[in-house]
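The structures come next, written out as structure tokens.
Two complexes come next, and they have one chain in common, chain A, joined by chain B in the first and chain C in the second.
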Partner chain A sequence: MTNILEAAFAILIFPGGLFALALGLLLKGVDRKFYARLQRRVGPPLIQPALDIIKLCTKETMIPDSANATAFQLAPMLGLTGVLVTAAVMPIGGVWSGVTGLGDLLILLYLLPIPAMAMMLAGGASSSPYGSLGFSREMCLMFAYEMPLIASFLAVAVRVGGADGSALSLDAIMSYQYLHGPLLLDPVMLPAVLALLMFIPGTMASGLFDIPEAEPEVLEGPLLEYSGPLLAVFNLMSAVKLTVVLQLAVALICPNPIGGSVVVNLAWHVFKCLTLLLVSVTCFRAATGRLRLDQGFSFFVKYTSPLALVSLGLAVMLR
Partner chain B sequence: MLKFMSKLAPRSPWIYRINAGSCNGCDVEMATAALIPRYDVERLGCKYCGSPRHADVVLISGPLTMRVRDRVLRVYDEIPHPKVTVGIGVCPVSGGCFRESYSVEADISRYIPLDVIVPGCPPRPQAIIDGIVKAVDVLRNRIEEGVCSRS
Partner chain C sequence: MSTTPSTYTLPVGPMHVALEEPMYFNIQVEGETVRSVDLAAGHVHRGMEALAMNRNYFQNVTLTERVCSLCSNSHPATYCMAVENLSGLFVPERARYLRVIADEVKRVASHLFNVGIMAHLVGFDSLFMHVMEVREIMQDAKEGVYGNRMNLGQCVIGGCRTDIDADTAAFLRGQLEQLKPQLDEIHGVYERDPLIRARTQGIGLLSQEEAIRHGVVGPVARASGVVYDIRAKAPYAVYPDLDFEVQSDTRGDVHSRALLRLREAAESVRIIEQCLDMIPDGPIAVSGMVTVPPGESVARTEAPRGEVVYYLRSDGSDTPQRLKWRVPTYMNWEALQVMMSGCQVADIPLIVNSIDPCISCTER
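What follows is the complex of A and B.
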């Protein structure tokens, strides 16, 4: 019973639910503000993503006649639920160690593609040709960026597991780093860390990989037909997805807390997420243009996956 | 709560552009107002969106040629309420230099209510941004009243 209550708290309030939503909207706001400052513009206020959500809630919802209405309305809900559950699993160094028995790399491999799946469902259900184009682009890109993700998960697991085999639970990975220092500073893991940093813009579809929702090419792809509150749910989903991905990267490469107090550790964690966001999403997005789908695909296959595999090979040899 | 929401909502006007047979001059100025660092519409919370379904403020340029008329009306109908229309340049109002052409339908306001008009051939980016600010005021009233204007 307590376990169920604990899980419900984790999914609805902290670290999923309200906390993840607030952090996600803040991260999105910082992203837009910093992007504008990089271009010497004033930029929108930090709370702009929250304002967008409020605005969308006052708008009319339109469902195309030819769309599959059930799937069309279910897709955003499915995506948001999926990312909120994923956010509940994320441990925060020195604050929260995850719901017992759930923080596991294999579970994450199943949970992380849910938002992409929701996008595909949305694109397919909207009956618009641009939606279908976005669908196929999203799926193609997903196959490409899942490979380095799996490889770097394996590299981390083997490195942490050492002689005993591999450690798949996030708990074990975190406590290993508390003992031996963050994997970010481990020379063996450096290629995998780089691969993970490339995975973040890939899964967030930004910068080079803004392919599935490319506004000038496929008119925002799967989101083309969405309006009003349903679009707001998609925006929330993408905000929580951003927190989930950043928190995952923080947990895998530098979860170490700094102080004894929970508040200090939480602030430190948010600071790490922000730094990661500025490096791997905002600056990356400001410095690069969009690739073609085939170029994006081969980028992950040619450069990112081998990086993660190098780490995996080194970790296996040094165990 | 609803009142609070209607106060905050106009701070996020998303912009959609319709080219109703324009000579591209106004479109270049609109792109300038949006895309270069010198003129920043994003500070108003604006975002250019690719889909009419996401739009709040519609910028229409061009004299509404007969060939695009039905398409423009169709796209305009796809925009969810509440929405505000801004005519960019003199073309949407009078047809501009195309005004006595056999293929031109201006004035657009016979088909679509224009809430704000930004005259000029083409108007300066500052004027376009000023037009967007006025459109945001109209949007605020419209959200507060829950008024819908349908063509």
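What follows is the complex of A and C.
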């Protein structure tokens, strides 16, 4: 009974649910503001993403006649539910150690692609040729960025597991870092950290990898036909996905708390997420443009995956 | 157009974020590869040629200035030249210099706009913002000298409307001094940035033979090795007295067109400076009423996008019997079918933008 209550709290309030939504919208707001300042624009207020959601919710839901209405409406719900559940298993150093038995890298490998799959479903269901293009682009890119992700996960697991085999639970990975220092500072793991930093813009489709939703090319692809509350749900999904990806990266490479107080640790955690956001998403997309799909794919195959594999190889040799 | 089972239709336009103006491309796509392109136009036809035949010669100066905003000086200038050719008016020397200055100021702003949009299309919005900020120097120059940021209202039949006195000339020179280092920097960025090169080199290829076959004009022709510039081929105004170099390239891809535009912008800055140095004193327009005798005349100039031709026929009344113009985009857009064959969907906006299409000119 306690377990169920604990899980419900984790999914609905903290660290998933309300907390993840609020943090996601804040991160989106900071991203937009900082991006604008880098371009010498004033930029929108920090709460603009939240205001956008409210505005969209007041609009009518439009479903194209030729679309598959069920799948069209289901896709955003599926995506948001998926990321909220993923957010619930994210541990926060010194604040929350995750739902017992849930924080596992293998589970994450299944949960993380859900938003991308929701986008594919949306693109396919919308019956627009741009949606289909977005679908195929999303799928291609997903194959590309999942490779380095899996390799980085394995590298971390082997490094943490040491002689005993590999550690797949986030709990174990964090405990290891509390003892031995963050993996961010571990020279063996440096290539994998870089690969993970490239995975973040890849999965968030920003900067070089803004391919599936490229506005001038495929008119936002799968999102083209979405409007009103359904688009708001997709925006929320994207915000929570950003939180999830950044929190995962923090848990994997620098989860160490700063002090004894929960509040201080939570603020420290948010600060780390923000720093990671500014480095791997905001500055990255301000300094680059968009690659073509084939170029984006080969970027991950040529540069990112080998980086993660180098760490994995070193970790295996040194254990 | 027949659709084979492996291809599907990708409708680009008439409303599409990558197009600033309405135009419809029926594109047959196989996966991400373009198999064939069909163009359809006519969404912004405003009947301006018919309108021109219902207005007198002076009203038509205002009308032609409103054909398009980016080459809004080329149209009235060419129209005025056609009227002056027919009526045998001699435009004062000072006015000729003023017309060249107005033309080149507009050319710099137009070219910067186009290369800026290119950066936006490859998703490099920071560069887009930077180029537009640099273009703002030229917009301020226009506002300071002519009072307007887009339509200068500089040309009148037989001369110019706004004089550039010593103070204004100093202001314009100051703006050019600000612009020059920025233009150099932007050229360097476009030339060397790995992302810009990866996205724009080798796409939208137009060989010299194809360029000649389609009769393309302007920067599109010059980037494909066809050195055709009306300012040098059939010099008008004071271009024969000016020292400038016609820019050309032989690669004929999207990247070379953008670089060529930036080099032309730098050349335009030199031309404006020469004009400010050499401009003689004197009247800026002929005085008295202008009468247009019956007859025909033609005038052509080099607009930012290429050659603009105006044909005028008069029956001696105060309205033209026929006024017809041919704009560069009309010559260039058919070549899109060559440039876009076999390209990727991601390249479509870049290739379309590389001819700097002006739909409102073409459909008027």
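Worth a mention:
Here, the second predicted complex is superposed on the first by the 319 of 319 C-alpha atoms of A that agree within 3 Å, B and C clash if a C-alpha of one lies under 4 Å from a C-alpha of the other, contacts with A are read in each partner's own complex, and residues count from 1 in each chain.
The definition used in the following text is that a contact is a pair of C-beta atoms (placed from the backbone, for glycine too) under 8 Å apart; a residue touches a chain by one contact, two chains touch by 3 or more.
Keep in mind the model is a prediction, meaning the values are calculated, not measured.
Of the two partner chains placed by the overlay, chain B and chain C both lie in contact with A:Leu219. In the superposed model, A:Arg292 lies in contact with chain C only, and not with chain B.
By the touch criterion defined above, A:Cys57 lies against chain B but remains apart from chain C after alignment on the C-alpha atoms of chain A.
In the superposition on chain A, A:Arg41 makes contact with both chain B and chain C. Residues common to the contacts of chain A with chain B and with chain C across the two structures: 39-41, 215-216, 219. Looking at the complex, you find that chain C touches chain A at residues 8-11, 16-18, 29, 31-32, 119-127, 129-130, 133, 195-196, 198-199, 344-349. By the touch criterion given at the top, residues 5-6, 8-14, 37, 40, 42-45, 47-51, 53-54, 56, 78, 80-82, 143 of chain B touch chain A in their complex. Chain contact summary for the complex, chain A toward chain C: residues 38-41, 129-130, 132-133, 136-137, 207-208, 210-211, 214-219, 286-295.
Every residue of chain A that touches chain B in the complex is listed here, in rising order: 32, 36, 39-45, 48, 51-52, 54-55, 57-62, 215-216, 219-220, 223-228, 231.
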